[in-house]
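Each of the next two complexes has chain A plus one more chain, namely chain B in the first and chain C in the second.
Now for the complex of A and B:
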């Protein structure tokens, strides 16, 4: 084994560790380990003073490996990588050992056991560090251009935001017209501005900008390359069908949603006069006074909420669609305005007009809307009455529990949002799809618009049901993320990726199809022999390909087989 | 419950303490295990964890090595359906699990010594419960070296 110079630092964490683990004993036990040239304790390893001490040790002793035993790696990995880097030690030759969350705090009842465990953990850390090779981040130059997929309200607004920052934008829209759902609508909550007016304003702005190219009746069919340098194929339909190839640095997906389409017979859907929420909204927006449906005045309207949402274990749509309560109440207010004498009955499971939309709910009740809560186990039934009108049967949980019959001229099924069928796009971009069918972000709080595919962000209702305002807000969040990456002109990618050893590879082909990100492909060596090659900028570093290689030619850097085996040996060794 | 745990810890102190190696994942199950510690939930000190990006990257040989080195049980704290890298992570991890069990059978190591369960990022309570139960089961099985 090559000689290494490793420094080990064990943290007291002001007592959080040293109250339950004898840190001096840990130092004594690892001091004599092969290649360990310095081992110290510190009250707080993350403090400036100790960081300086580590820095000095690296410089003066020429350390080529660093082990810090303190808190969870989720907290200070970047802190100590930074110390190493500043002092001239490759930051990937450092190991963080978790002796707080996974030792002292979990074993506050067993000082002896916790101390022994800490010794094993630190030994495993030293064993790994001994085998760590220096790694250099993959640096890629980025193309200052973003592809926006979907020209609904979120995509259009995002395109303008990117253009403002000085990035070029390509907007691709599948339909012939831009604007998505919002262009269909009249007044929207809040502020009553018409949806079609908002879209017209955004479209004019997009068309005016020289650094935005807009393609309608077009689809993204292929994506190659990696973050910063994606090459996308865009196919246009319509009059002239052609495929264009384009280089973009990042991609923002804003493909929106589909409205839930009720099954035939679901709450009477299919009977004349039973309509979905978007169908109803269209009728309302077109009416200049009291509503008329097929020549008959609409005097009684019954709304049935949660259609296609919160379906429980049985249905595919278990989530709450969030916008529909407020949208239905807003529509009711629109009708109260156009025809104050109309009777409106809202049959709901739970009303969720969250935030300031609660005020619309209150206003609708003041204007005469009646709300009846039905039990989930006993949904309302809709049938055709003998007089040709509709008859809704419902049990109101909050009053007499008696079954009531409501005659209605129109029954509005308050339908939610469902994920849009986008299989080809999902395949082309490798988008992560959640169990509910919507696209998944990396972290709902800290990285709410980024996906695991570097440089591909999601926004709007393709992520989960959102109102127009929420969609635009997430669109602008995606703009910030894209711009933050592209404005630097270069990006550093994590070098802890999979590598294939050409000496061991036999070109058996097993790994070529295993990577969902297409990071592995055959490559010809100078001698003509073909071996597997893994693109470092495309590899996500999951390591899923490694155990599938029959020749053990694939290793995940930072987690190589040799390193993990050494850690296992380190953990297993008897303490005394 | 604390009293019960202490009693259990003392009881195992007397004799055999089964050694358990846990493979966790950096983004999902390791934070869950961290949370158990942050909440000062106790589990045996003979449990030690190695964190990886994804459980589908576990080489079955690592598991074999752990038993060879005297670990009495190996627990794969997988991501279930939550893995951010691979949509088929659960299937891939299940295949690794099966391959490892075959290897153990060939070496006449009881397959029950290898366990896998999904641990989410807030699964502190389930994790400590798994560790207590697994430890109990391995205590009944006895040390791996005797097999």
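Now for the complex of A and C:
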């Protein structure tokens, strides 16, 4: 084996590590390891001073391998890759060893054991580093064009945002008209702007822009390629049915939601006068004064909350739909404005008018809305009264659990949002779907619009129930995310991906079907022999294929079988 | 079972200023009452707001037992003028029940 020059740096992390791990002992144990030419401790390895020290060591001693034993690779992988790169060392010849989260913090009761474990972990890191080959990132040229799927309020606003930044946009909408749910709505909270007016304005703007192409009655049926160069098939259904193919750099999914449709008999649904929230909102928006339903004045309205949400054992919708409390209270305010003498009863499980919407809740109480809390185990019952009106029976937990009956002219079932049926799109894009049926982001707070599919972002209510303004905000976040990736014109992808050795491959086909990203396909060699070929830009380096290959032809760069075996040897060796 | 009569609050308000709509049913008033009046004031106010006339009339005793000490009022997080409301209710009873 060729001689290597490896530098090892073990961090105190102030005391986070050194309080439980004897870092000097770790240094002593690895100093004599083969190929280790320098081993030091540092109070904070990530500090500028220590980064400079590592930089100097690389330059002066000509290090060709770097091991940093400190915190989780989540925190500082890019810090130390940067140090290596600046000093002229290939950044993929560096190994991060986690001796904080996975050692000192986990074994605060056992200093001796923690120290021994740290020694083993660092030895494994050295063993891997010894075998690391220099790698270069895969560079892909990106197409400056984004596909937006869904032309609701989030998709339309995202299209305009992308166009503003100078990217071409293709908007694909399944329906004949753009605007989704919001095009039907009158005043929306919190700004009281009319939904229809907002959509009209956005649509006019989208149609005016030369760098936005809008296709209605169209669907995305296929996606191929990889980040920066997706090739998508779009099928139109209108007067002329045809399939177009185009290249886009990134994709924003804004396919929206469906409203929960109560079953016949659920809270009296089906009885004349029992309506869902969207049906009620439509009636309200159309009314110019006091509400009239089927020729009869509406004087008493009862709202039943959480219909189709937080169903527990009773149904598939376990989640709180978030927006509906505020939306129902906002509708109640709309009615208070149109008919101050109307009586409004709100039958709820928990009121969640989050943030500033609390002010609407307060205003509705001041205007006379009454709130009754019913127990989850005993939901209200709706029946037709003898006088032809509706009668809602409810047990009010705020009035000594008394059971009471509310005569009502209209019962509004405050229905939540449910995921829209989009099976074909999910299949075409390989979108990650959560347990609740909505699309999943990578991290709800840290990476809120990105998905595990590179270059595919999600926004609006296809992700989780959102208000119109929240949908627009997430749409713009997706714009920023897409633009940041595409405006550079090129992207560097992680080279730590799988490769298949054509000498060993027998074209057995096991890996073709195993890859969750469709990165592996057969390729014909000049001699006519077929072998597996792995597209580096599509491969995510998950390693799923490597252990399945019966010929051991597949290796994950940076985590080759030889490297992993060497690490196991390092871990298993006696400490002294 | 009580059938709600939504006009009760208007009846009370006809001559009085009764306003408890800011109440968020936290129950501090009931917990803090030195008379340990179980039904005052939060729940009695709810009878009025919801239109539970029968229950309201049953609690005449409670309405007149209140000391008007204002302990509940100064501790009310929603700023409901509780003692004013109790006075209004007494006046309502005077008119409706005692006819004075």
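Observations, loosely collected:
One rule holds in what follows: the second predicted complex is superposed on the first by the 570 of 576 C-alpha atoms of A that agree within 3 Å, B and C clash if a C-alpha of one lies under 4 Å from a C-alpha of the other, contacts with A are read in each partner's own complex, and residues count from 1 in each chain.
Assume a contact is a pair of C-beta atoms (placed from the backbone, for glycine too) under 8 Å apart; a residue touches a chain by one contact, two chains touch by 3 or more.
For clarity, every value in this text was computed on a predicted model and none was experimentally measured.
With the C-alpha superposition on chain A as described, chain C and chain B fit side by side in the combined arrangement.
Of the two partner chains placed around the shared chain by superposition, chain C is the only one that A:300 touches, whereas chain B remains out of contact. Legend: residue contacts after superposition of the two complexes on their common chain; A:388 is shown touching neither chain B nor chain C. By the touch criterion defined above, A:398 lies against chain C but remains apart from chain B after alignment on the C-alpha atoms of chain A. Contacts of A:113 after superposition: chain B is touched, whereas chain C is not reached. Set against each other, chain B and chain C differ in how many residues of chain A they touch, and the higher count belongs to B.
Note on the composite model: angle chain B-chain A-chain C, taken at the C-alpha centres, equals 100°, rounded to the nearest 10. Once the two complexes are laid over each other on the shared chain, residue contacts for A:370 go to chain C alone; chain B is not touched. Within the superposed three-chain model, A:121 lies in touch with chain B and out of touch with chain C [touch as defined at top]. After overlaying the two complexes on the shared chain, residue contacts for A:407 are found with chain C alone; chain B is out of touch.
Taking every C-alpha atom of chain B against every C-alpha atom of chain C, the smallest gap after superposition is 34 Å.
Across the two superposed structures, the residue set of chain A contacted by chain B and also by chain C is empty.
Chain A meets chain B in the complex at residues 72-74, 98, 100-110, 113-114, 116-117, 120-121, 124, 432-433, 435, 440, 442, 452, 496, 516, 540-544, 546-547, 552, 556, 559, 561, 564-565, 567-569, 571-572.
Looking at the complex, you find that chain B touches chain A at residues 5-6, 9, 19, 21, 26, 30-31, 33-38, 40-46, 48-54, 56-62, 65-66, 69-71, 81, 83-89, 92, 96, 99. The touching residues of chain A, when paired with chain C in their complex, are 300, 343, 345, 362, 365-368, 370-373, 393, 396, 398-400, 402-407. Put simply, chain C touches chain A in their complex at residues 1-4, 6, 21-25, 43, 46-47, 49-50, 52, 55.
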